[in-house]
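So that you can tell them apart, the chains are marked A, B and C in the order they are listed, and the count of residues begins at 1 in each.
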Amino acid sequence: MADKTPFDEMYNPDGSVREPYRALAGWLAEQPDKALALMQTDAEAIFRRLGITFAVYGSDEGTEKVIPFDVIPRIIAANEWRRLSKGIEQRVKALNAFLYDIYHRQEILKAGRVPEKLILNNAAFCPQMMGLNPAKGVYAHIIGVDIVRVGPDDFYVLEDNLRTPSGVSYMLEDREAMMLLAPDLFHRSKVAPVENYPENLRRTLESVAPDTVRGSPNIAVLTPGIHNSAYFEHSFLADQMGAQLCEGPDLFVDGGKVYMRTTTGPEQVDVIYRRIEDDYLDPLTFRPDSMLGVPGLFDAYRAGNVTLVNAPGTGIADDKAVYTYVPDIIEFYLGEKALLQNVPTYNCTDEDQRAWVLENIADLVVKEVHGSGGYGMMVGPTATKAQHAEFRKKIEARPDNYIVQPTLDLSTCPTHISGDVAPRHVDLRPYVLIGDEVRITPGGLTRVALKKGSLVVNSSQGGGTKDTWVLED
Amino acid sequence: MRIDIEHKLTLSLQPGTVHAVLHLLLTPPSGPSQTVESWSVEIAGIGNAGRFSDAYGNAVHLVNQSRPEGDILVAARGVISTRDTNGVLGKPGGEPVPSLYRRVTPLTKAPVTLYGKFRNAKESRLDVLHALMGRIGETLGQPETEDAPTQMQATGEQAQSQSSGEAPELPPAADYAHLFIGAARALDIPARFVCGYVAEGDGPAAGLHAWAEAFDDRLGWIGFDASHQLCPTERYVRLAVGLDAESALPLRTVPVGDITQKAVVKAV
Amino acid sequence: MRMLGRTAANLFWLSRYVERAENMARLLEVGYRMSLTSRREGGASEHLISMMQAAEVDEGFDAKHELADVDTVAHYMMFDPDNASSVYSCLQAARTNARSVRTAITTDMWESMNGAWLEFSQIKPRDVRGAKLLGLLQWVKQRSHEFRGALLGTILRDDGFSFLQAGNFVERADNTARILDMKYYVLLPRATQVGGDLDIQQWTLILRAASAHRAYRHVYHDRYKAHNIADFLILRPEMPRSLVYCANFVQQNVDALAKIYGRKEQCHEAAESLLSLVKDTNMEAIFTDGLHEFLNEFIARNNRVTDALSESYNFY
């Protein structure tokens, strides 16, 4: 697989420009020397000044970095997007139906379509959610679906992020920056807008307020605080939606209802877009040592007095081990075939499959079942022999802790690299909002691996972002 | 049998506590084995409490206290009339699917030596469960606390304390229940933890008690008290159920404090 | 949307820390200047120590250092993270507060604050000596002015504005009162009103520390006199760092909160009580009752304003 040239988003194998990139190609050709380098410098300054930074865990305290922004946009044709968004909508509907089922009658387990043990004994399954009926029946309201492309018509879903997917602020700021840096480029193409996202997020949140709320619901964004790596995004979204940005201590529960402490006393909160993980949400119900959460918050949620977005326990649906079953999940609840493909995944607890995996580890990608952000992951073709050996041992010790997939040849997109333009691998994370209706922002966040040949696009591992364009017909 | 219960809890918090949140599982349900004739929960702030059902079907009160002065006192009291069902509860509605209770929790892990020999048992599930209860009795013997003087008092007083930061100290019967539950789940049988009361008579001393219930596809839920090798009788009153003792605790708080409690249980 | 109590607290302290950073820079600048021109043996460190007393960082300094020379004091007041009032600590605290209330301040304010911190945190302390120190102190003051400019030019005149302004002027009042108290004895009336060289030097120091040495001439058209200097820094309503000016400002902003929220709280009483101390009085009365006692009372009432604000509006 590694010897094949990956699919290039911009150029056909014969060197001609693919249709959606025509306008961009013309524009690039007109740019004088160093124009891109200057734009790149300007972009960095814009992001740093606005404080669009993320904290790097494990580095010196207070180190904040700007995620590298690449000035060449990634472009998706209208018809390509229609296909993608249909597949995404199908997927998120099925996943929500799955969540409802496993927290109620568990029909899919009874039917044997998904192994019962995989769900019931999974750390991401939240027994406290049993029997709870979230507003509009929606569990995961905000989903980021990680998609990779390997050919003109081949899209794979790599991961469904149903916990607290981040990065949407980069999608919005990348567009802002792009419009500042290259306004003329926008005149040449019809680009679908992304700036409705905050308004759509607000509508989505309002639509899932508890039934008892009269009038406009009071919305809060709950953040772990300024030291969280995504704090910028939390404050950005609160600001854009006109919602209150709260930390745990700003909220309290009284009489089964949630209130914020304001300068003039308590004010009831109806919907909480929480960016705190389940475990830390409420020390009374989850981890007792959590200082970030609100004691009694989950009880208030159970009592139906507040909506938590996303619901606790949605992580069971994006568990890497459950991922394998998503096509079955789609069939079971919707009676349809999955429109988007899953990446084939090897199960290491199966002896035969494991033997094959250990043999061929240099060509495979190994992921920790509960890992995220590119941590605890090995990409065979670019890893060292020592890493291969290390992961062989790890898999043998705990086969259930890893999933293994073939190395996908992620598509490449022209990227500005120190004065030159060179292909780099990219992925795509569209953002989906689910409330009274499903709203998918055209495009999403394109992450790009800036290191030559690298397939790891995570910002913590040297990845950057690109503005993502969906062209309108 | 009519059983009169008075369950008192005292919560001591660090001085200077600004807000305390209390999660109370102190309302027994009516069901096949028992009918609640009267019941009340008393604590400052109960009028304003949040009320709802938790994931296991227990009735919960969520109570807050601002700047509590001194100890917080909770009293639950009332009269329950019970029926002897040989421990069988059937399949009452309004409960989560029994398969939920196959989930293994840190408290409910049983050694394979306990259940291994039942793995391929030919007997019915009911017989296996009875045999399992017997095996736990053989392995552990009678609970030591049977001889503790407080247990012998006619009033059936029993004290339980939950010290801050550490795992709650459970009534000794809880250990038996956890083993039983762990073993049953290892055999793919749904089993749950029950926290409740026992009136005086043969078997456990009167007061707070804990036992297990396992699910049989035919009979539904059946109680097993491994600490006393019997199925619950009409002297048993169910208070709350959960995956294990932690999820069925009568009182959980933030911040964590010292809890002492005493239940006076009398047949009337 | 109603404001979180924490947000109000963050705004109040954001402003206080920016003002404090500026005041620290000014105090260090004065101490540094005076130490250059001091002709007496040990005079140089005396001035520096006085300034540290005014900044209330002298005890912390003594615990860490034996000798108060220019480099050591400059480093302690500028860069030492152990010194909670160093310019470094103030800017960091201000920026942390700003970051917590990103949504409650304007982009211009945030950019000014964030830019100041990013630039300052890049500076290597060992590169800052001599003329460079003065340049950097000037820079700190300018950044403070820029922030205040962004604040006045862009923010809505709502409760947030009042919390910001109250914080600014509570801090400034505290600073001026401490500068006066550090040298109150050279301001006391004496048999002879003509100051010697030494007095002139001390007076200059006080005026400079309050950025008042040029403005003094505009107001008094006179040589330095102890009585005038005290009057200028305590009772002149046109002097933007005088106690009466600051107290007035605090009272007005606290009053604005009462209008916005529709009721008076204990902080209004505290602000009135602060103002009453400097309103409708004169220097003769103050001297009669004791300047030092007066200043201490002022500082105590000023502190009370902060406490009362935090109780009234749920700071936490």
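Throughout what follows, contacts are C-beta pairs under 8 Å (C-beta built on N, C-alpha and C of every residue); 3 or more make two chains touch, one makes a residue touch a chain.
Keep in mind the model is a prediction, meaning the values are calculated, not measured.
Engineer: Which chain has its C-alpha centre farthest away from the C-alpha centre of chain C?
Structural biologist: So the farthest one, by centre of C-alpha atoms, is B.
Engineer: Which one of the chains is closest to the middle, using the mean of its C-alpha atoms?
Structural biologist: So the chain sitting closest to the middle is A.
Engineer: What whole-number Å value describes the gap between the mean CA coordinates of chain A and chain B?
Structural biologist: Once rounded, the distance between the two centres reads 42 Å.
Engineer: Could you state the distance in Å from the CA-based centre of chain B to that of chain C?
Structural biologist: The answer is 63 Å.
Engineer: Return the distance between the CA-based centres of chain A and chain C, expressed in whole Å.
Structural biologist: 47
Engineer: Residues of chain B touching chain A in their complex?
Structural biologist: Per the touch definition, chain B meets chain A at residues 19, 21, 23, 48-57, 60, 62, 64, 96-97, 99-100, 102-104, 243, 247, 252-254, 256.
Engineer: Going by the contact rule set out above, which residues of chain A touch chain C in the complex?
Structural biologist: Against chain C, chain A makes touches at 48-51, 225-226, 231, 235-236, 238-239, 242, 244-247, 249-250, 260-265, 267.
Engineer: Note which residues of chain C are touching chain A in the complex, please.
Structural biologist: Result: residues 1-6, 8, 96, 99-100, 102-103, 107, 110-111, 114-115, 118, 159, 261, 313-314, 316 of chain C touch chain A.
Engineer: Per the contact definition, I'd like the list of chain A residues that touch chain B in the complex.
Structural biologist: 104-106, 109-110, 116-117, 120-121, 125, 127-132, 252-257, 283-285, 288, 295-296, 299-300, 302-305
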